[in-house]
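Remarks on the structure that follows.
Think of it as A, B, C, D and E in the order they're written, each chain with its own count starting at 1.
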C-alpha cells in the first residue's frame, strides 16, 4: 500500500523534474574546450605543498608548483625542470643544482636558488608531507645558495634515492610567504588557502568543499605549444559513482584512475569515454606484525599467506583489472625478481605450516582495513573467510588512515594486520622495499610489519649507498626473495591505472607519480 | 401577556447522535416558543437536551455524529432547518440570533485580541443591502473601523466593563471570568439581534458576580426589547430573571408556565419533585427524585419520566401525553391532566 | 463544654509567589489567620466564594499543607507540625472527601482495590476482614458488592460521590472534611446525597467540616457556619444567627445574591455588591472587604483590619460597624 | 514589555544550556581513546616531540583547567584547529555553512509549504480517502531511513531516468557569492544558468531531507487542527455566524499553528542531523559532509566543533521558535 | 489481556505493526533455520558476486557473492539486539530519573532534568555520531551511544507525566488517605505513566533502529562480516545502479521494521489510554 503510494509519488515528482531537466541539459555540460574539469575523489583540505604528500591530492602541487626535476611518463623518467642540470659529488653527499634563468613565480619575480633553499628549510621545519623523505639525510641549515642560480644540498650520508625524491620538493616564493608569516608559522596558515608557486597554472579560486580552479600561467618558463586549456578545475566529487555519472554525462572531463572494477566496466561500455590503461606502481599489501605472537612465527605468517584466495580476489572482486604482485616491489619496477612465484591460495599447505608452527594461534587476530576504502575491507573479508577454514578467527576493525598511521608508529599499538596500498612517492625500489622492511625505518607507517632480518637490513642499506643500478638491482632481488620467504607481509596485487577521460581529451601523459593529474599537456578537441 | 406572534417557535424537534455505543435520541419532539421581548427560561437537569436545543436553533449541531430527524424551527416565519448553511451564516447566526456561551474562557479565541474578534462579528454581519464584495472591502477600511470601534466602545461601556479602551487590545485570558461574561454579552448584543440564546452564562461565576451579571443582562435586553432564550439548570436563576419557563426532561419539554405560576403551582410531577429537591432549611427532610435519568440510547416510550414517576399510570408508558393548557400560558404534558 | 474535637488558632497559609523570572518575593495569602473550633458530632460549615481560601484551609487541617503560622489541635493534640509519618498515621482519624471523588480514584484500579487501600495502609487486617469492612461500607453508601469490581469511570456522578464517601469511611475516622461535596450535581441527585451524608453521620457518629459555596446547602446541613472572605473569617456563628441576623456586610450581600426559587417583585433584589474581589496577591490595607463594602469609610476601614469580635453569644463578626448594621435581614 | 521580559528570560535560560552543552562536548572530547596529538605531530615525531606538543596544547593539565582553557577559547569564538587542514574550524564551518543552510531552508520550505496545507486538509476531511492516503505516506515518512531514500531517489531520478544530477551543489561556475546561498545569489545576480543548475542540484537532497520532517508536520498540523476544530471557540465563532473560510483561515489556523511551530523548531534538529547523511549521499558540500569527512579522517576537533555548532544552532532555533510561539499565542508569555 | 489484544486487532494498522514486530522477533530468533544459506554470513563466493534475485537467491547476492536474503535475516538479529538493549538501558536510566525528579521537586531533580535538557539540546543523531565516533566503531559502542542519547527522552516524558499526575486529584487523594509517597509512586504513579513509557519505547525502538542504521551507514557501527543493514546499504552504493537489489532489500527491511514499531506505538497509544479503557464487567 505504502509502496504503491510512494512509487506513484515518485513518478509524479519525476514528471515535474523532467520539465526542469530537459530545459537545462546543456547548462551543466562542459562542452567548451577552454576549461578542463577533473572529478576529484578527495577534498583539497589545504593547498600548502609542504603539508601534504599523498597521491590523491597531488593535483594542486603538480599544477600550481614546480620542482627542480620532474618525473614524467610511464615507466617514469626524471626530466630537468626548474633545474637545467645537476651534479653529484663523488662521495655522493653533495648535490648541486643549476637553475634555468628566467623562470618566474606567478607574481612575476624570478625563481632563484634562495627560493629553493627556503623551500627545503620550510619543508623540513614544518615536518609534514614530504619532510619524511628529506629528514634522514638533509640537516636543517645545510642547504647552501652558491649563487643566484646555483644551490647545493649537503647530505649526511650518500643516498641513492635523493634524486628520485627531489621532485617532491615544491619550490615556493619566499617573498610572498614571508609577507604572510604569522607567529613563525612559515606562512602556512595563509598558504593553506592560497598559492605562491611558479607552476603551469595559477590559482583562481579555492573552496575546500568544492575544489579549486586555476588559470593558465602564460609566462611559464616551459612555454606553451598552443595545444592547451585556459582554465583547469579540480572539482571534489567524493562518491565514485557520482564521479562516473558526472563523467558519463559530460559534467567533467576526467576522473581518477583507481575506480572500483565494476565502475571501470561500466565506463568502458560508454562510447563517450575512453579509458587509458597504464601499468602503475601501487602495490596492495596486508601488513602483518612480525614481532607479536603468534605472528612472530614464520610458519604462522606463511599459513596466513596461503589462506588468502588471491585468484578469486583478483579475478572476481577486482574483475581481473589488477595483476598479481607476489613480492614487495612492483613487478614493473626494476629490482623485482622476475621469477618470483610467491604464495598461492592453498589451504593444505597452510595447514601444514600451521602444524609446524611453534606457537598456537590461540586468540582472534585483528585486521584493520581503511575506512572509506571498500577494497581494503573486501580483502579483509576474503582473508577472514580463508582463515576461518583454518580455524583462525579474524576480527575486522576498520580504522581511519590517520589513526592507523598514528598507531603504526609503535609496536604496541600497531594492529595484528592492516591493509593498505603503497604508492609511488618516487620511482625507486627503495620507495617500497627499503621503507617497508629495513628495520632502521621502524616507527614509520610503511615499516609497520616490524620486520627485522640483519641480512636483509645489510642488503637494503648497501643498496642505498651505491648508485649503480645493476648492482642495486641484484641486492634488491636478493632481499625481496628473503622477505617473501619469510612471509613478512601479504603482497596481493599491483594496481593498474584505468584513467577515464571524455573522448575529446587529448595529450594525457600518465606517470605513476603524478597519476595523470598533470594538466599542462592536456588539450580538448 | 402579549398575543404577538412568537419570535422563535420550535416544533417537534428531534435530534439524534450516532455514537459507538448506539444512537442517542437526544431530543424527541421538543416544543417551545419565545415571544417578543421576553426572557424564556429553558430549565432542566444535565443531559436533558437544553444545549442541544440551542445548538439546533443556531444550526451548529456537529453532523456527523448529530442528525436532526424532524421538526421545525420557525424564526420570523422561516424554517431555519430548511435554510442553506450560507444563508444561516449570513443572515441568522451572529446577526438575528446571537449566543452567550457558558465557558467564557473557552469560547473566546485565545490568540487574538478582543478588538479583532469584536470587529469580525460586526464586519461579517453588515446591515441589509451592504453584503457585497465592495461592502466587505469597505469594511476593511479605516473609516468603517473607526465607526465600528465607536459602536463597540459604547456597548462595552453599557456592559460596565472597566477601561473599555484598554480592553480592546487585551487577550481573553487577561480578563476575569465576570469581565469576560460582560464582554460576551456585549458581543451578543453587538449586531442588535432579535434573539439572544444564553447557554448557562453564569454557572461558572460566584454568586455575587452572578447577581451582577443577571441584573445587567435583564436590564439591557429589556431596554432593547431583545428576546432571550435563557438556558439554565438553576431554578433560582430562573426565578430571578425569566418571564416564562419551559422545563425539559430527558429530551422532551414537560411543562411551560409563567415563572410565578411554575413556582407556586407546578403541574408536572417532574417539576414538582425538582422543586422539592431544592435545599430548604424549613423542611426537615429533603426529597430527591428516586432512580436515575434513563439512558437516551434506548429511552422509555411514552412519557420519559414515567420510570421515576410515583404517579405513573399504564398509559404513561405507551403514549407521550399531549400538551394541555392549564391556565393562560401554562401548559403541561402529563396524563394526569 | 467538652474539649473541642478540632481547634484552629490563628492559622495562616501563605504560598510563595514566583512572579517573572527574577522571582520577586511575594506571598499569596490564601489563609490569613483563621481561628475556630469544631465540636464533636457537629457539622461545621465553611462558606465563601472561589478564592477565599476555604479549600486551602481544609487541606491545611488535613495536613496536606503545613501551616505557615498558627496552631491546629485535634483531640487536644497539636497536629500542625507532625513529622510526615505521624501526619500520615493521623489521616486514619481525619479524612477528606474531594469535590470530584471520581477523579480521586485511581483510574487503573478497580473500585474494590481502591477501597481496600486505606485499610492496607493503616491496619493489619487480613484480606477477609478487609473485604468484610469494605462490603459493609459499600452497602452503607447504597451501592452493591458487585460494584467493587468495576472501574471508576463506569459510575455516575452521584455514585462516585458515594464511592468517595465509602473510601474514607472504611477507616472509621472521627472527622470528615467535605470539599464542595455537591457541586456539579443536579439538584435531584444532590438531595439524595445530602440525605445520605446525614444518615451516615448519625450511624457512624461522625463530625463533618462542610466546605461549600452554596449557602442553601450550608444552611440545610450545618449547625455552625464560618463565612470566609479572602483568607479570613468575617463572620462566625450558629446557622440561625448567620442566616437570620447576618452582621457583616459581606454576609448580607452574599445572602442577597443567592438566587432563590421564589419570584420576587421586580427590582427587589436587595443590595448587590459592585465590582469583583481583589486578587489575593495584592490585598488592600485595612479591612480587605472595604473596596466593595457599602459601609466602608476612610477611617477606620482603610486603616485597621477589623478583628473577629463576639457581638452576641457565639456570634462573631469582623467588621468595624458590626453594631450599627441592622440586625434583621430580609 | 512582557514580551521583552519573556525574551530576556528565554535568552537567560539559554546560557546554562549552552554551558552544559560545552561541558558535554568537552567530556566527550576527553574520553577519546585515540591520541589527537600523535596525529598532529606528523609521521616521524619522537615521543619527546609528542610530549612537547601535548604540553603546548595544554593536554597534560588537569581536566578542570583544560575545561577553563576550552571555555576561554570558545569565548573568543575559536573552535580549535582542524588536525587535518590546519585551518581554524570556524573558518571551515563558516565556509560550508551556507550550503547546509541553503539545503535546510529549502527542506524547511518544502516541509512547511506542503506540510501545513496537507495537514489542514487532512483534518478538515478527516477519515476521507485523502486522509487515509496521507496517513500512509506520513507513517512511511517516519519509518524510512533518509540515506536509503536518498539512494533510491538517486537510483530512480539520476541513474535510471537521468533527470537530475546525482550529487553536488552546482554544475556550472557558481554565481558571485553574496549570501553564499547559490539559489539566492543566482537570483540576485540574474545568473540564469547557475539558478537552473542550483535548483536541479537542490531538488533531490532537499526533498530527501524534507520527507520525514514533512510527515511530522502533517501529523502535528492535523492533530492541532482537529484539536482546535472541536474547541468551544470555534463552535462559538460558528454560532456567531462567521463564515467558514474566515474561521478556518484565520481563527483556526493561528491556534493550530502553535503545535506545528513547536514541531518545526524540533524538526530543525532532525534536519540538521539528517543533513549529515543526506549531504554524504548527495555530495553536498555543507557542514554535514564536513563532519563525515572529519569522521573518516578522525579529525576530532572538527567533529567536536561541528557538534558544538549544531547544538548552538539548535538551541538558537528553539529560542526563535519560542519567541515565534509567543507572538502567535499571547498566553505563552505569561507561562 | 485478551480484551487488549481484541482492541489492538480492531485497529488494523496497529495489528499489522504487531505482526511485523513479531515477524522481526521470529526471524531474529530463527535466522539460522530460516536463512537459505546461513553460512553466508561468514562465507564468501566471489565467483557468484552481484547476482540478481533468482530462485536460489530471492534477494540476489552481494559483492562477496553471499546470499542477501540470509544476510538480511541475520541482520534482524543485530537490529533486535541493538534496539532492545539500547532502548532497554535508556528505559532503566530515564524512567527512574523522570519518576523521582517529577515526584520530588528540589534542586537535585532540577539538576537532573537540566542535564537531560542539555542532552536534548543536541540533535540526537549528531550526539550519537559524536559519541560513537569517539568510542570507535563497534556494536557495543553503538548501543552505548544510543542509550546515552535516548535516556533523556524517557526522563522528559516520564517527568512531564508525573508532574501533571501529581496535580491529579487521585494522587493527592492517596496522600490524603495517608498512603506513603513511595507506595504512591510505585502503585499509583508508575502504572499511570506506563502508557507513555510503552508508547515511547515502541516508537523509540523504531527511532533507534533508524539511528543505528545511520551509524552503520556512516561506518560507525557493526563491522564486517556482521550483516548490519545500514552498513550493507553503504557497501551497496558503489554497485548502483546495476546491483539495485543490493541496496534495496536491506533498506526495505529497515523500512518495514521501523514502520512496524511506529504503527504498534501509535496503536498502543490509543489502546492503552486509560480514558478510553473499558473495564471488564
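Rule of thumb we're sticking to: a contact is a pair of C-beta atoms (placed from the backbone, for glycine too) under 8 Å apart; a residue touches a chain by one contact, two chains touch by 3 or more.
Just so it is clear, the model here is predicted, and its values are computed rather than measured.
In this view the innermost chain, defined by its CA centroid being closest to the centroid of all protein CA atoms, is D. The chain pair D-E and the chain pair A-E differ in C-beta contact count, and the higher one is D-E.
The geometric centre of chain A is 89 Å away from that of chain C, both derived from CA atoms. With centres taken as mean Cα positions, chain D sits 55 Å from chain C.
If you average the Cα atoms of chain A and of chain E, the two centres end up 44 Å apart. Measuring from the averaged C-alpha position of chain B to that of chain D gives a distance of 52 Å.
For chain B, residues touching at least two other chains: there are none. Annotation for chain A: residues touching 2 or more other chains are 2, 239, 241, 371-372.
Within chain D, the positions touching two or more other chains are listed as 34, 139-140, 159, 281, 295-296. On the side of chain C, the complex with chain B involves touching residues 49-50, 156, 158, 186-195, 213-217, 219-220, 239, 243, 253-254, 256-264, 269, 272-274, 276. On chain D, the positions that touch chain A within their shared complex are 34-35, 38-39, 42-45, 82-87, 92, 95-96, 99, 133, 136-137, 139-140, 153, 156-159, 161-169, 171-172, 174, 193, 196-197, 199-200, 203, 207, 281, 283, 285-286, 289-290, 293, 295-299.
On the side of chain C, the complex with chain E involves touching residues 59, 62, 64, 85, 88-92, 95-96, 98-100, 103-110, 117-118, 121-122, 149-151, 153-154, 167-168, 171. By the touch criterion given at the top, residues 1-2, 5-6, 9-10, 13-14, 17-18, 20-21, 23-24, 27-28, 43, 45-46, 48, 51, 127-128, 131-132, 135, 188-189, 192-193, 207-210, 235-239, 241-242, 245-246, 249, 251, 371-372, 400-403, 405-407, 409, 443-445 of chain A touch chain D in their complex. Chain A makes touch with chain E in their complex at residues 2, 239-241, 260, 262-263, 266, 309, 312-313, 315-317, 371-372, 374, 377-378, 380-382, 384-385, 388, 395-398.
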